[in-house]
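Letters A, B, C and D mark the chains as written, and numbering starts fresh at 1 in each.
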């Protein structure tokens, strides 16, 4: 979020042409009144366009208001296309923006409508515009609440790889549970387990404790296996929660401390009297 | 809970008339025997009136005892209306009470019965009277258990905004999952995903691991998407739990901390009398 | 678990008669070879009697082996009745044992079979004998793993009241959600919400994220309310987990410390140098 | 993972014959280019053979490609059989490997195909080959992410026994809930609770909050009991999560702790070079 696209430092848009500088200020900045008004308007139209797509998908609404909503969708899409073009124009390094997180989201938010000409129904994917709402954080200074979310971010990154290892482990269990269930129940009449992929689907539904009940065991042995899967899913949820909580605690404590006056290294405990890196008095 | 409505400090009811002071003591105070008896009686009638509404909604009970229960409801409502009027009368600043949490709850607890004259069935909302039971904490001195719940409250407030950011993030995911499912399964015969709102409903049911099973995917691609949604919901529950636990720990430790007057070190327990680092009296 | 029934200190059974002392040692003690053998045998018969009840409830098994299993049940029950009588006889203060946790469990474990003479089917409650298995901890010295479970116990007790307050709060929400759903969906044809109790049942199923799917909303408004209930249930689970974790951490840290040599009070931090109660050097 | 099977220290394979040393290097080592290539190839074939088994279980795929997939399965199995034999040959102490975790997994990964000659359908168990993927950690040096997972491992081991005690307790509750439900609902027409084992299955489905909905109560009393089971399952999940989190925190802190040689104080971070209390070199 902090890696915003203001490439002023390298090749400033102001140096290129005055109108491009003005445009840059309007579109990219959120500090000037005009820039803030632009962002608020943008967020409002995003919300509106999402609502249009959602209610357009309801058959009874579509029958009555379909044409109007169809026009709305295209108007929004044209506006966003123009906005995207302007963003590219007013920047000194357009490619840099185009490849940034915001740039990709802005492009992807426009594509589904055009795609719908070729693939019917794809305009529903317009809801990816929801991702553009991340701008809300910038406009309403919500980033403030993310300063500690920095600790959150660091904890997530520190936990990430370990959670992946955990997920690989869980997926291996799910694979084995799903296949075992197929072996156990695959031959009973009226079985729900007609293939291993369905067994795997069942295992995921069960271990994550979602439990739709659309695929369920019928035999005693199958039910016993299901009971094992459930107790497993109920127990292992402790692992990611514990890992993340402890990591978050560590990330938070690391923040709360000062830098050493001599070696300027951080990461001391709150009750430390001497720098743990160079031995200087803190 | 602590911001109770005893406006004695500003315009005391005792100064207005003796009977109003007595009434105030009876209705608002819980320390005198009469006041406590009043509150206990009040809580008993609240519980009773809730039970009346609940059992009145059962068709077989309604058929047999409907008239009696109907009378009961109106008796309770009249009593509460009188009580509400008395509360307003015996206070020097009735508006202040009327706009407080307790005042609004007391009013709302009375309205559904009157509303039921115009809108059939609305008397079931009488169960909002359950909120009046918050008085229990005052009467039975349960507030004692909330002193540390103060730490709980502070942790909740500190976490609140971050949980909201988390919920916004989760809702964006839910929106995208729901719309994607509509794109994937919306055209299969006998589909459960007849519109994006139903897709969103499915996504919420799945990500929160509730899993009713009333809306489920039928195709392989849909099942794969559902599996992703489930694993996501199973994983991200770590975030609010971790954030809240760490915040609660911090709020708890902050309470128990004061600095030593001699060595000015912190980190002492709430029940410590001497500094644990230099032995000086705290 | 530690409050076992050996009232040797007050009116010792050894003082009464030698055979009663021997019997006491056999039945109540787990340290002597004979006492341990008795306990192991007891646990084995408990497990066996539970298995008998469970498989006897399966219609096909009951048809074939019903008579044998019926006899087994009565044999076990007679043995336990004799054992209970012996326990009462060999103690100096039988009433004290009869009213202890173990005494009540031992009695309750015997009753269902006798009850089944009057109330058909009640013998299934024999599974309460599972509670007698708590003895396992004593026999196999599992209490060792409970020394820190002492921290667990203290954390549970410290959390207990706050969890109750939390549950009361959750129940109030459930009540209001259930009644609201009845108001919203109670009049639609083929509704699942035929009364407020069913609405409350639905609310519990939803907030706890169990989600059977036997009672589900049919209208758009109902689904929206259900979505709120789900997100609520998904979020508030953080509260008991956080409260318990923090309390457990506190209970654990309190244990890990030594007593003050002067005032012999405990509860010092691991890094404390001076007693925080009397200021003496630790 | 660290207890790998390189028995070089005792009876080195190099001492036996040069080709066996080479073979050992190729098959068991992951540091040489050849050894790494072998492991990567192995992992690829494992993934491929799992995919083959999974898609072979889909009836429509089996009808069309059944013969080819059947041949593939046997080819993979023969290759693994040869590989297993080579592993045994090139080691000085083959039995040691055969009884290690890796050895048993390697054998078990081969058996299902042979078993399928005698027991139809058992080849689906080939997915246990997924366990062979643990090698991934070795090849891609993921063990690095497990150094702290060492803390995870220690926490899991420290928690293990307490979690078992917790599970025994939960199972006792499940047993009693299941039997009670059978007593309550077993005689109603069209009941789902036809035996105690089905009641136990229901109790597990409910307490773990999975909630399939294939076995649900029909009567008011049954629903009340179900509500208790749900609230119980929702509450007690705090226990394993809290126990594991606290244990993980302790395991993590224990790692990062060494005493200062001068003031012998503990509590230093893992990356500390100087004592944070007296500034002495650690």
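Throughout what follows, a residue touches a chain if its C-beta (ideal position, glycine included) is under 8 Å from a C-beta of that chain, and two chains touch if they have at least 3 such contacts.
Keep in mind that what you see is a predicted model, and the values were worked out from it rather than measured.
Across A-B and A-C, the chain pair carrying more C-beta contacts is A-B. Note on subunit A versus subunit D: their Cα superposition corresponds to a rotation of 90 degrees, in steps of 5. Chain centres here are C-alpha means, and the one lying farthest from subunit A is C. Spacing of subunit B relative to subunit C, judged by their CA centroids, is 29 angstrom. Separating the centre of subunit A from that of subunit B, both taken as means of CA atoms, is a distance of 30 Å. Separating the CA-averaged centres of subunit A and subunit C is a span of 42 Å. Within subunit D, the positions touching two or more other chains are listed as 197, 200, 209-213, 237, 241, 243, 245, 249, 267. By the touch criterion given at the top, residues 209-213, 241, 245 of subunit B touch subunit D in their complex. Interface residues of subunit D facing subunit A in the complex, by the touch rule stated above, are 50, 53-54, 57-59, 121-122, 124-128, 130-131, 133, 136-137, 142, 145-146, 148-149, 152, 155-156, 163, 167, 197-198, 200-201, 204-205, 207-214, 237, 240-241, 243-245, 247-249, 252, 267-269, 271-281. Partner subunit A is touched in their complex by these residues of subunit B: 161-162, 165, 168, 172, 175-176, 178-180, 182-183, 186-187, 194-197, 200, 206, 209-213, 216, 220, 223, 226-227, 230-231, 233-235, 237-239, 241-243, 245-246, 249-250, 265-267.
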